[in-house]
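Once you've had a glance at the structure underneath, I'll fire off some questions.
Each chain carries a letter (A, B, C and D) given by its place in the written order, and its residues are counted from 1.
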Amino acid sequence: METIKQAQVINWLEKTAHVIGENKDYLTKLDSDIGDADHGFNMERGFNKVLEKINELAASEDLQAVLKNTGMTLLSSIGGASGPLYGSFFLQAALPLEGKTELTVEDLANSFGKGVDGIKARGRASKGEKTMIDTLEPAIDALLLSVKNKDSIETALSNMLAAAEEGMKFTIDMIATKGRASYLGDRSIGHQDPGATSSFLILKTLKESIIQPNS
Amino acid sequence: METIKQAQVINWLEKTAHVIGENKDYLTKLDSDIGDADHGFNMERGFNKVLEKINELAASEDLQAVLKNTGMTLLSSIGGASGPLYGSFFLQAALPLEGKTELTVEDLANSFGKGVDGIKARGRASKGEKTMIDTLEPAIDALLLSVKNKDSIETALSNMLAAAEEGMKFTIDMIATKGRASYLGDRSIGHQDPGATSSFLILKTLKESIIQPNS
Amino acid sequence: MKKLINKIPDVITEQMQGMLAAHPEIEISLEPKYIKRASATRKGKVAIISGGGSGHEPMHGGFVGTGMLDAACPGEVFTSPTPDQMYECAKATQNEGGVLFLVKNYTGDIMNFEMAAEMLNAEGIQTQNIIIDDDVAVKDSLYTAGRRGVGTTVILEKIVGAAAEAGYDLNKCADLARKVNSRGRSMGMALTSCIVPAAGKPNFDIDEDEIEIGVGIHGEPGRKRISHTTADEITQMLTTAILEDKDYSRILREWSFSNNGWEEKELTSDAFKSGDQMIALVNGMGSTPISELYTVYRKLHEICSAKKITLARNLVGSYITALDMQGCSVTLVRADDEILKFWDAPVLTPGLRWGV
Amino acid sequence: MKKLINKIPDVITEQMQGMLAAHPEIEISLEPKYIKRASATRKGKVAIISGGGSGHEPMHGGFVGTGMLDAACPGEVFTSPTPDQMYECAKATQNEGGVLFLVKNYTGDIMNFEMAAEMLNAEGIQTQNIIIDDDVAVKDSLYTAGRRGVGTTVILEKIVGAAAEAGYDLNKCADLARKVNSRGRSMGMALTSCIVPAAGKPNFDIDEDEIEIGVGIHGEPGRKRISHTTADEITQMLTTAILEDKDYSRILREWSFSNNGWEEKELTSDAFKSGDQMIALVNGMGSTPISELYTVYRKLHEICSAKKITLARNLVGSYITALDMQGCSVTLVRADDEILKFWDAPVLTPGLRWGV
């Protein structure tokens, strides 16, 4: 397999909606420990909207349009901190994809790289502040390495997810300095960041949409 | 012993304040079952005021003045339903006592008789409506009988108290048709009326102030 | 019990002192307790005075001011004030136009206000008592102390206060008060119990999944205890009880200036009907967020619209409360031009303000 | 969870519909959600718009009306509204005088309002964002998202709303808003937790004998958890934290019309001192009886008097709430003539009304 096809991207978005739904209470529980106990509800509301539009999304071959529409949908339905952040992620991730109907590993790395830049610009945060960036940035670094190593898509996605998971887990020991959790100071230590966790779930679903288990 | 002396009346009022204080929670509990859980607080507030004034009361030989002052004090400190009722009781009970410095059984019967009339006029209630009247009216009837039988003060007070206690206990099986408890309808059955109970305590203290136990 | 209070005997005094500090337009007396306007009123104006047990704030003290009450007498929590309070308050407030006591129908309030009226009339200060008894949860007036005075009190105090300000004399104020009372109906419900500070524990026990329909403003038991349900169903129950309440007659006592004593008067409330226009109050019981009250108002408005009953004016908020009880009540007062005119008149009190 | 609500996804919509039914002077849009004045404003008037997560009622929707906000955008409960809401709301509301967004300092609100401002400015609708960050419970702005926006918001919306009504242009409104924010300090406390409808259980656990000092309006943890104590001690703690708060500087972002992009501005709040005159807000968190708030106001007044700080104006009541939380907050805004003039100007909104 050389590229990720449009149908796989659609499949990823559709599956993500289900995975977020299944993990709604888990994400909310994480947010109740160090935030305001709504991250699961917020993410579910947003991805349910994406699900409602899935046929409209699927109708477009142009992946730039698909990601842009996804970003706009999340932006206008999630709210809170994660709404503009995930909104910006997809809107910015769409930018390098003009005219693309399938994605190489390099396309993916470029796209997601722009996406994370969008999050960092919007949220004025960087790695190590106990946010979704701590999952996403290592994931993109892994993708970039795969581009350099000319890894297969399978290998690239596996490495990406391993890096994402490690990044997510690193948030447990961090002190939050951005978002609501920052009010807790030291007391935020010992809890995994909800946004880092939802980011991990999104990437995990990507990998699983492309690489069928036992295939 | 032929008459009740001024000092005994003062002693009665003083002791009543203590007895009401000791029974505050009990009276409030009874009122919480069928009323608004304040009868103990109300009575304590009133009789504490009487206690504060006890030297002033004791300074007057004139029992009319003593009862009138007691009535005014209760009237201006109890509030609720029981305030005007006990206020009226003492104010009216004072009326027949012009110039008296001690009381025969007949004086007491006349005085308390007027007092209960005052309660009935003010509260527009009669016996059998599950109120303090159910304690007081039988007690006065007993006093009147003692007047007829020329009973000693001891006998008169003992009979009075027995009748009061019986009357109080009869309220358990009654349906309330006056005061707050009336909103309960049938559900007021099975509970002893708080006002009937405070009236009983007042009369019991009277008897015990006059007849020393084991004397 | 978690409350923002200090020592229990000081609760009422300190709340009054707080009101005084916040509202220089009122004055307080602590011995005996009352709240009155700081500025004197026009000579000949009827003094409109209310009062009752504390715990229902902002009622009544919060309704003292231009266009509403001249004074209010707060009792202990849930306990009627005493006659000397009303007596002293009336003497300090009246300005040769007589005194109108607005009294909620509770045995204690009735008796204490009657004694005060007797004392004042005996001194030549013309004093009338008008009773408010609007709680349809109490159906039977023959075997009970009658309907309790609840939400209509707020609306009545506003309207009669405005009329007195406009120059109505004592008799006309009393007539208007009687009329508003005869046109008011209310019903309340509780999600939780209230806690009286001195008691320190809930007035009644209620399960996490139960609510009390028809509750009084002291946590008196209501018509029924049911499972917790939606705001719409609750509003339907309260509104139906009010709209389907039949013509209602009862005997109320008023002072007769000719006989110099009390006389009994029959007062009939006509059932509400399609075509009526109302002043509506959706009231919180003390611990109910206003957002939830709007949910109730939405349904009340829908039910009334369907029955061609107009909600010409409304008030949504916590105006007659039961300490920290969660729950709400609905009040409808059938309006006419006189009532609407005085409702719309300016009012400036700590608890209600418009037009000024 | 006992609330007067229907289905959880409908909670906000139905509260908005209830407000609409009760207040014909407002208009609502449901897709996307916003509340605006029913009548058009003067051409050239700055549109003052606020918004934020729901659950703080009457703020912000209850402050829409003459003399205060032009519109408000409610998000889901405790969740910032989305940029399309502010964008559509601003387009429907603005009348060629530009748009001023009043934004409480929460990461979500900041980002969503920034995106909306970018969209509007890109279309040539001049839009400025002013941030409110007054919660002294958050000490450190270097290692946190900064101080939260709480009680000062209510006072600021009133003052800037009046200024816009009086003809201030966008820059002058922004200057005034920045000034009021720099002069406002707040601190809150909770007796109980709130319950978010969708969660169905308390946001945090707190024992029957504990209270949280320094809590936020979403139940965010405060400075400390202590044993329940008297209203006086609680008021002392809140007031001391406010009065002893030092000069406070932070960097806030505003739109630069010359650079057509965001620029960072330092804003310093001077510590309060003896001789200052204040607008004071003693605010209930949603389920606090007003009587208890007066007990708090009493002590606040006493403490300030002793320090020769004048409470020139006040507001006592539940204006910026946290659903059904029990507790209170104290806000002081250092006033000057301009601030007092606009505070006293007439206002007619569902939640705040005087002078009209």
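Things worth noting here:
We adopt the following convention: contacts are C-beta pairs under 8 Å (C-beta built on N, C-alpha and C of every residue); 3 or more make two chains touch, one makes a residue touch a chain.
Just so you know, these numbers come straight off a predicted model, no measurement behind them.
The set of chains touching chain C and also touching chain D is empty. Chain geometry summary: the mean Cα position of chain B and that of chain C are 32 Å apart. Once the centre of each chain is set as its mean CA position, chain B and chain D turn out to be 57 Å apart.
Distance between chain centres (mean CA atoms), chain A to chain B: 79 Å. Within chain A, no positions touching two or more other chains are listed. If each chain is drawn as a node and touching chains are joined, the picture is a simple open line.
Touching chain pairs in this entry, ordered by label, are A-D, B-C, C-D. Against chain A, in their complex, chain D makes its touches with residues 32, 53, 75-85, 106-108, 111-112, 114-115, 138, 140, 143-145, 148, 196, 198-199, 203, 216, 218-221. Of all residues in chain D, those touching chain C in their complex are 2-7, 11, 14-19, 21-22, 54-55, 57-58, 62, 191-192, 208, 211, 228, 230-232, 234, 282, 286-298, 301-302, 311, 314, 316, 318, 321, 323-324, 326, 328, 350-351, 353-356.
Within the complex formed with chain D, the chain A residues making contact are 28, 32, 36-38, 41-42, 45, 75-85, 87, 122-123, 175, 177-180, 182-185, 187.
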